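Both of the next two complexes hold subunit A, though its partner changes from subunit B to subunit C.
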Partner chain A sequence: MARTAVMASSTLLQRVTPYFYIAPAIGIACLFSFVSMGVSLWVSFQHYDAFAGGSQFVGLDNYRRALFAEDSYFWLAMRHTFAYVAMSVVGTLLSALPLALLCLRAHYGQALFRTLYFLPSITPGVVLALVFFHIFGNYGQLLDHAWSALPALALLGVWAGAGYNMVIFLAGLTEIPQLLYDAARVDGANQWQQFRHVTLPMLRNTLVFVTVMTIIGSFQVFTSVYIMTSGGPERSTEVIAYSIFLNAFSVAGQMGYASALAWLLFAVIFVFVFLQMRVFRSRRIYDE
Partner chain B sequence: MTHLKTIVSVALALILIAGVLARAGMTRRWIEDIGSETSTREELRVWDWWSASTNEEYGAYFAEIERTFEAQHPNIDIIYQIVPFGNYVQKLSTAMVGDSPPDVFQSSVYWAEGFYQRGMLRPLDDLLASESDADPGNSLAKEHFLPTAWRHNHALDGTVFGIPQIIDASCLLWNLDILQEASSADEELRDLFAHFPDGSIDYDRLRFDALHDWDHFRRIVDKLTIRDDDGNIERAGFVLSAYGSGAGMFSPWLASNGGRVQDAAGTRALFASAAGVETLEFLARLYWVDRISPPFHRQMTPSELFQERKVASVTAGTWSGKDITRNSLGWTHFGKTAFPPGPSGDGPSTVTWGNMLVITRRAENVDAAWAYLKFVCGLPGSLLRSKHLGYNGPRYDFYATQRWQEALAERPYLSTVKQICLVGEKLRHTEITAVDHQANPIFESVLLHYPEIVAGDGPHESVEAALQLAARNVDNVYARYNEQVARWLTERRWRGQL
Partner chain C sequence: MNNEMKTTSTISLHGRAVALTLMVLGALVMVYPYAYMVGSSVKTRKEFAEDKTSLIPSRYQIGEQIAHARGEPSALDWPGADWSVLRNYVDAIRYGHIDRYLANSFIYAVVITSLQLFFNTLAAYAFARMQFWGRDVLFGLLLATMMVPPAVLLIPNFIIISKLGLVDTTWGVIIPGFAGAFGIFLLRQSFLNIPAELEHAARIDGCGTWGILTNVILPLSKPALITLGMFTFMGSWNMFEWPLVVLSNQDFYPLTVGLSLFRSETGADWPRVFAASVMGAAPLIVLFLVAQRYLVGGISLSGMKG
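And now, the complex of A and B:
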């Protein structure tokens, strides 16, 4: 009886122990992510000012203002954000995947190329923005025109993220069994057909991951806008994250409105990612 | 052997970390406390954005302020915390929420009114009323300050919430090398310079009233513009910026045309007036019709072009002389004027502002804070700012000192600064960042698309329509802000702060 009790308590301890290990991480995540998200949700229903300290419940007023007020820039900012996201996703896929394919073919110096391409990813965004501010200023004055400023920012985003995404693709490419290529070659497949019918399907999960991460990151683009254009010229680069920042920290008493904008952004990203995950649900291609 | 290597590596790492911490000043308090008895000094936490990391002269200025003030007040220990201008409001907000705001801080006129209306700042009227300093140099009474400096530091009901420590104004900055060279064959250009008592021309100084009106200005900058055979500008007479600086660049010209950006109470935008339309059209025509400015280019700022001597004149602040001299490795041959009167204006004008020192409502040691304000905003502080930073002062008595006479001799460009600072309108002061966010893109589009607007093919029906749209949007900002102020007042009454 006693032996059974000891065994039971030992089993219980074994089951509980892992939770103790992850408790600090969960605690930190709760405190700095979930609690602050909860606070921001609460603030989005208030007129709230950090300086004055007080708040007043206003229901959905902040959301109504963002969505329907005459002088709201929410829809304009969302339009710009969507355009930025689209350019970033296309640009990332068209740059990172070819780079990974080229890197994979390099017999010598693959590590060197990987490192070189990865360097922008570990360079602070502010530094990149300042450097590109001068590059775009000296060559083509891309930031001076409403039609070219946003694509220029997207170009910077793609360039900065290409190395990181290339490494992800490279990892995905090295996971593809050589056997499949050998079989395709025996069946007479040329390079393009191998890419189209072996590489792309086998990279499906990696593609979904890179696309989702690029979409999430692009929806939150801020640093380059803040440093390089301040939303101009003529509001052509005013994106939603910049609007949130401006209202939260530069306009008196608009923290509630800024929080509402943040939650609207969250909703948009959530819907997007949810739909994408549903459409491209992860599966093992060669089991089909 | 491996053990020894580990010990040496760890020791080196510790020495490196200690060195970094010591060099960063993080161990200063700890080192100061070693060997000293338990300190009975009261700490006074002061925030500022003047950072030695951007200009080493700020470091020397604060060091001397601290040294001199602490010698006079051995019971007070000043602790400076430098916060970048761009993050100031954000950091203050965090400090307020965290219940650890500074005791004293420098407040830009951008934020001062809002801070007071939120109840963050301690009214200073009782401290001013109890002033009984025999030495007028230490007095902070209103009559010791230029009236243009004593404008942003009190509410409409007269409550004083800050003491000015500087006086600044927008001004026109002129490259005297270019002017002098061009004036050799031009009487009108020669007439811009001041004269020595013997009647000869003083090529180091401009007359304060050198520019008669906008037409005169246009003629002068046109004469200073050099174009190649194809009409491309090789050297511009003046530089206009379209990107982001719309309302800031527009407001001194508007003041010189008898207009104002906003009403005193911060409830209404006033710039969509006939004077406003005239002003914006004048600026747009300078660029598109008179072609006296280099092409709009976001990357190159007007002050950079001026420092590189690529333009003859530029809009700047009266404070900017020392920075230009530093950035251009010692060049001082430039002069300053106010903005000439426009068709609806009445004499030279500009906009002025006086950033101030304020005491937070939560300051624990008000006497120490007030003593600090008296020192820094008094004559001694003004003299130190002149010595280290090359600034003129907001006080009358400053201009009667030997120090000011020496500064004028060293840097003749200061000769018109006091007059410029005295003629201005009050800089816009209500929710400036939010107002800029609404108005600047519209100013930007007018300047960028003026020919299309005139042709009826632009983003706005007319310049007037553009200004009316901007004014409507700014009125919304004011309305929202005033609703917020009303809520703050209710809150403060409820808390018994009023």
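And now, the complex of A and C:
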């Protein structure tokens, strides 16, 4: 009798145990993502002041202000963000992929190059921003002009990410079967043709992965703007993440408005997130 | 490796030399900002104001040394030229409390990393080895949290933390970071690769679930655990926007936020800021050099294996 009771309780315990294992992780992960998104959506319909504690429902007014108001900086910030993203993607593809190809070709010192090129990825963004604040100041006052400040920030982003993306490209390159190159050479393909018709197609998934990750990352650029330009000169480096930060934490009572900006940013990023999920799925099929 | 060798064997010596040269030039571009940072951190204020671009402080340059030896005016006559190399570092600690910020960063990084490893291991083990109702749905839900961009979460996370009464506390900085879908995903992959027979054998030997976890699973998953630990440690060490928003008490500032504050406090005393920057960047670089194979392996893993 007692024995069956013990057994019953142990199976119940066994059935519940997995939930104890996953509860803390799932709880925190969901609280600070999905619940958080819900809070953000709710706040975006309010005039909200987290410091004063007051809130008032205003419907879509925050979105209307962001999208249509005369004094809205949303479109300006979005333009700058898109320009930054475009420069980052082009810069990354034009630096990281050639570096990976060169690294393979150089043959010697690959480990050393990997280490050196990787340094920026393990350095706090604040430190990089402080150093480049001077380097850009020393060579042409890049941060003092409205036309060059944003490209300078993008250059820092590309420089900092080059090693990381190079490592990803290296992994993709070494997975291409040598057989394909041999076959191409037998068919009389020169170096360029081998790159164009073997390397690029075989690297397609890696290319999409790096591109999408760069896009998602640069849409959220903040640290370098905060440290190096504070959005200036003449608002030329005011990007959307900085706009959100300013409105939420520097101007009282604008948290609702800033949340509306955040949701608009999310809508844009989501397109790319969706793309990323598609790529993950296609990659898995490709692997199998 | 074999593959790599074959690729390179077909490349001409000339092509290899060009590639090597370009890679070395690129490496110089990578290292220059670090050399600039270290060089500037040992300059006096006046040296930095007079010469912002050189990598070596003027009082250490040969020309100035010769001029000084000849009795001509030189940088060695400038005020502060007798400063020791580490003067700015000492000052950054004394006036900028960089030591406190470093300690805070260390605490944040260690606590977040430990919590991540602990809770992610539990969750990953359950997802990899246990059967329970709703498992796949919950795992999918967890993966979906990775798709939410951090910039969008800044405000609502702050609101949640403030509702919990944790604004301006250490836990306010730590809590949102202590579980992550990426870590669970990484560990689960590693756990799945461990043969189930080992587990059965351990169970026959009288191990419970907990015993299996500590005696079989964890020792065999060391690389994945170290990779996740490194990623988490670096991520927590480098976080900036979140602590900037949550904290207002300087005593709790991590290095990144403290550095930004020190820069605005000191005004034009850039050499000191550079000294503080070197101290902020050095710990991670040392950690990286010690354990880089795990990190690089992890990047390939996260980037390529989906």
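Note that the second predicted complex is superposed on the first by the 246 of 288 C-alpha atoms of A that agree within 3 Å, B and C clash if a C-alpha of one lies under 4 Å from a C-alpha of the other, contacts with A are read in each partner's own complex, and residues count from 1 in each chain.
Here, a contact is a pair of C-beta atoms (placed from the backbone, for glycine too) under 8 Å apart; a residue touches a chain by one contact, two chains touch by 3 or more.
Keep in mind that this is a model prediction, so the values were computed, not measured.
Asks: Once the shared chain is lined up, is A:R235 touching subunit B (first), subunit C (second), both, or neither of them?
Replies: The answer is first: A:R235 touches subunit B but not subunit C.
Asks: Applying the document's definition of touch, where does A:L143 land relative to subunit B and subunit C: first, second, both, or neither?
Replies: So A:L143 only meets subunit B here.
Asks: Of the two partner chains, subunit B (first) and subunit C (second), which one does A:V127 touch, if any: first, second, both, or neither?
Replies: A:V127 sits against subunit C, while subunit B stays out of touch.
Asks: Quick one: classify A:F219 as touching subunit B (first), subunit C (second), both or neither.
Replies: Second partner only, subunit C.
Asks: Of subunit B and subunit C, which one contacts the greater number of residues in subunit A?
Replies: Result: the larger residue contact count on subunit A belongs to C.
Asks: Kindly classify A:F45 by the partners it touches after superposition: subunit B alone (first), subunit C alone (second), both, or neither?
Replies: Once the two structures are laid over each other on A, A:F45 reaches no partner at all.
Asks: Once chain A of both complexes is superposed, is A:D71 in touch with subunit B (first), subunit C (second), both, or neither?
Replies: first
Asks: Look at A:Y63 in the shared chain and tell me whether it touches subunit B only, subunit C only, both, or neither; answer first, second, both or neither.
Replies: Neither partner.
Asks: May I ask you to decide whether A:Y108 touches subunit B, subunit C, both, or neither, giving the answer as first, second, both or neither?
Replies: Touch partner of A:Y108: subunit C, not subunit B.
Asks: After the superposition on A, what does A:Y84 contact: first (subunit B), second (subunit C), both or neither?
Replies: After superposing on A, A:Y84 lies clear of both subunit B and subunit C.
Asks: Considering each complex separately, which residues of subunit A are in contact with subunit B in the first and with subunit C in the second?
Replies: 50, 134, 137-138, 249
Asks: Inside the complex, what are the residues of subunit A that reach subunit B?
Replies: Those residues of subunit A that touch subunit B are 47, 49-54, 56, 71, 133-134, 136-138, 141, 143-144, 229-235, 246, 249-254.
Asks: Within their complex, state which residues of subunit A touch subunit C.
Replies: The contact residues of subunit A facing subunit C are 15, 17-19, 21-22, 24-40, 43, 50, 99, 102-109, 112-120, 122-128, 130-132, 134-135, 137-138, 159, 162-164, 167-168, 170-172, 174-175, 177-178, 181, 185, 206, 209-210, 216, 219-220, 222-223, 226-227, 240-241, 244-245, 248-249, 255, 258-259, 262-263, 265-266, 269-270, 273, 276-277, 280, 283-284, 287.
Asks: For subunit C, which residues count as touching subunit A in their complex?
Replies: 3-4, 6-8, 10-11, 15-16, 19-20, 22-23, 26-27, 29-34, 36-37, 40, 52-53, 119-120, 122-123, 125-127, 130-132, 135, 138, 141-142, 145, 147-160, 162, 175-176, 178-181, 184, 209, 234, 237-238, 240-241, 244-245, 255-257, 259-260, 263, 270, 273-274, 277, 280-281, 284-285, 287-289, 292, 295-296, 299-300, 303-306
Asks: Which residues of subunit B touch subunit A once you look at their complex with the stated criterion?
Replies: Contacts found on subunit B: 89-90, 92-94, 96-97, 114-115, 118-120, 242-244, 296-300, 431, 433-434, 437-438, 440-441, 444-445, 448, 459, 472-473, 476-477, 480-481, 484, 487-488, 491-492.
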